[in-house]
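Same chain, two partners: chain A is paired with chain B first, then with chain C.
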Partner chain A sequence: MSSEVLRGIDPLGYLTTFFREGVFPDGRGLLDEQKLVFKQGECGGVGSSVVSTQGVTVSCTIEASVSLVSDGQLINIQIEPSQQLSEKEAEDFNNLLLPLFTNGSFILRENLRCLDVNGKALPLEWQFLITVKVLCLEGNLLDAVVCAIGAALADTKLPSIVLNHSEGDESAIEKSQIQADYGTIHKLILEEPLMCCSFGVFVDNDSKKKSEILLMTPDIEATSVCRATCSVVIGKGDRIALVRERGRITSFSLLKKMCQITAERRHKLVEALRTA
Partner chain B sequence: MPTIRSNLNIPLTHLSRIEDDQMEAIEMDKRSATTFRPLCVKCGVFGAQDGSGYAEFGNTRVLAQIIGPDGDGKWEEDHAKITVTLKGLENEKQIAEYRAELMSSASSVIFINKYPGKVIEIEVTVLSDDGGVLSAALSAVTLALAHSGIEHMGLTASVHVGMRANEDYITDPSTSESADTLGGVTFAFVPNLSQTTCVSLYGRIPIEATKSLLEFAKQRAIAIVPVLHKAIVNSIKEKQ
Partner chain C sequence: MSIISEHGFRLDGRRPAQIRNVNTRLGLNRNAEGSSYLEHGNTKVLCAVYGPYEGKASKRLEDRCAIVCQYSTTTFSGLERKNRPRGDRKSTEMSRLLEKAFESVILTESFPRSQIDIFCEVIQGDGSNLAACVNATSLALADAGIPMKGIASAATCGIVEGNPIVDLTSREETDLLPRVTLATICGRDEVVLVELHNRLHIDHLSVVMEAAKATCADVYECLAVVAQQHLKACAPILGN
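Showing the complex of A and B:
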């Protein structure tokens, strides 16, 4: 029987053979990292990025608008549904990512104030609409989206704002009193980059111990035979920003290992960005 | 805790700008009538799957992906069904218009009779729009089609040409360059058949100027063919 036939009729048996040997069918080690490629400033808006990793390619565009200082939500995320991503799944991801902004993991709220030419904060704030388009989805979306948002925010360049409204003037600020000056551009002050890694937990039922095998960034085929999947987002100071678990993980040590691997990967990214 | 809400929300693009030196420098940098904006085309964007193309003309960037031919369990006709999805544009009317043009252009070159009962889905994503989206989308689709291996009659070369009031032409105008044009045309042409697959005229083009405008557009479309060929050859080399 050829391996391709076995793969079609018994994917579990086919993949188990590889996982027992500690590799994916493509020869990658079970905990080996995959290449992450990103490009900034290609998709319009005030900041944008295209990220490709683990068979997933997404583009992220940030559109900015100016509003008066308020305690309303300043950042809105919109993951556009596609043929490979249903509307409901897209909405789930939107809801999942929003807390990363409200808890200041990407950027602190005070760093969203509009600045004048001299860098002085004005009584105006930037509001961002972050649009993520899924161009190719052959793996885990969250890893690519977190990276794409981070890269797009790092690419964001905002003009200075000229406000023709004196401080003592109690009348409402009008649109005509606000002007953008592209002669002086400000970059955003961001928190340290976040890293998201997705894992699969595969249970080898045929072995005596029924051991749990951890798979890093499994593809769709490998994910389909996993008992659980887990995405971990780690931020500044190795703090856990988000954990999204689907299925059943019985061992705490596995969760700890996932966090450690993600933290190590984040350190590598930070180091790479520092030396670049 | 008191809640402060604000109704003032002005998109950055709607704010008036204080002109700076850089802006003036950009305006000084005029192109000749026959020159395209800086362009980049790629056949095969994602390593994992077949059937993708990318076209970038200035700041207009479009990605096309082809999914199929696959059976959907419903379509049972003796020819393939072609569907087009267009994402990344906000104007519904524009989406409907461009979809129809893309569908018509793609349907006219694909050998649909060779894929009975199959569905070919063309997904076009506009990453950024700075004028000439339809032309860029047609280029991306033809590259995706070449990359997909779906049998078709030949490469489609497309171009967007604007016409000024003094009857001067401008090849591949950006949104700001289109501001002083009377109108224009998006023209798609299959060079090996010498047939046109898309003529989308807009604006107020005098009837007597139409023929020369289309002839100019055809010449510009032919000029872009070597670039498309090169992208396809590169993708084949990469595959090998």
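Showing the complex of A and C:
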């Protein structure tokens, strides 16, 4: 019987054989990282990126508008549903990602103030609409989306604002008094990049110990046989920004290990960006 | 505002590792297969479970039952009056979290092509709402007699200057305090839900998890006693 037939008939048995040997079917180690490719500024808007990693390709576009200073929400995320991503799942991801902005993991609110030509803060703020389109979904979406948003924000270039409204004037600012000056461009001041890693927890029922095997960034096939999946997002100062757990994990040490692996990977990324 | 006083007490007079009083009642809703009312201090939750029944074709799964959860809060549950009790972003997120958690708790393979509906309503919210909903749902499922891997218990744990505090109230759930809601099965090391609010330093993870795990075990003890008492009370009705 060829391996492809076995893969179709008994995917669990097929994958278990590989996981016992400590590798994925493609030869990658169970805790080996996968290649991440990104390109900035290709999808319009004030900033954009295309990211491809672990069989997932997403594009991210940021559109900016100006509003008066308020307590309202400045960033809105819209992950567009596609053939591979249902509307319900897209809404789940939107809800999941929004706290990363409200708790200042990507960017601090004060860094969204509009600036004039001399870099002076005006009583206006930038509002962003971040649109994420899923081009290919053969793995975990969250890893790619977090990276794509980070890359698009790093690519964002905002014009200076000319405000024809004197400081002492107590009347409301009119739309016609606000003008964009594309001669001077400001870049966003971002927090250190976030790193998101997804893991699968596979239980080998045939072994005597029924031990839990940790899989890093499993593909869809491997995820389908995992008892639990977990995504961890770590930001500046090794602070955990998000934990998303699905399924049943029977060891607390696994959770800690996932966080440590993600933190190490983030350190590598920060070092790579520094030296680049 | 200091969350822990210099004498080691919290705003409501509790010690950092002390949970609030837990009061429960089972079988309140006669129309539902199972129901429960649970109080964690001033957090009050009502839960009803319907099913398993042959659900909508669109939600039907061939190999297991579908869990559909609806989380809602009364408009007067918090300090701010809400315009609508459900359907907002937060309620939707909570519903999904409960759904995913109980998919791992209920023996869903026992009821293929069927559906179980869980309705949780926070009547009064005073912190740890998600944990209270998990605990109330566990009791309602037990009341409905739905087979589970065990009773799930949940607790919210935060960290203040390196020291964990458990079962947070709404005054303690500030924008800066990192807090984790953890749910385990039977108080053991079987995690079915982890939810993090605000940023938590990786070095504090073990401390928070240990405190949350211990609290889940404590809460489980309470829930197990309630379930056993309810079973004893039902024994004459069942003819045992």
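Here is the rule we use: the second predicted complex is superposed on the first by the 276 of 276 C-alpha atoms of A that agree within 3 Å, B and C clash if a C-alpha of one lies under 4 Å from a C-alpha of the other, contacts with A are read in each partner's own complex, and residues count from 1 in each chain.
As a working rule, a contact is a pair of C-beta atoms (placed from the backbone, for glycine too) under 8 Å apart; a residue touches a chain by one contact, two chains touch by 3 or more.
Being a predicted model, the structure only gives us computed values, none of them experimental.
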When the two structures are overlaid on chain A, which partner does A:Gly44 contact: first (chain B), second (chain C), both, or neither? first
Touched partner set for A:Glu80, first chain B, second chain C, both or neither: first
Using the superposition on chain A described above, determine whether A:Gly235 touches chain B (first), chain C (second), both, or neither. second
One more residue to check, A:Glu91. First (chain B), second (chain C), both or neither? second
Have a look at where A:Gln260 lands relative to chain B and chain C in the superposition and call it first, second, both or neither. second
Check whether A:Gln127 is in contact with chain B, with chain C, with both or with neither, and answer first, second, both or neither. first
First (chain B), second (chain C), both or neither touched by A:Ser105: second
Any idea whether chain B or chain C touches more of chain A? B
Shared contact residues on chain A for chain B and chain C? none
Report the residues of chain A in contact with chain B in the complex, numbered from low to high. 42-46, 48, 50, 52, 55, 57, 59, 61, 63-72, 80, 82-83, 127, 133, 135-136, 138, 158-159, 162, 172-173, 175-176, 178-183
Once bound in the complex, which stretches of chain A touch chain C? 91-92, 95-96, 98-99, 103, 105, 228, 230, 234-235, 237-243, 245-252, 255-256, 259-260, 263
So, in the complex, the side of chain B touching chain A is made of residues 3-6, 8-12, 14-18, 20-23, 45-46, 48-49, 52, 59, 61, 63, 65, 67, 85, 87-88, 121, 123, 125, 127-130
Chain A touches which residues of chain C in the complex? 89, 92-93, 96, 100, 104, 149, 175, 180, 185, 188-203, 205-206, 209-210, 213
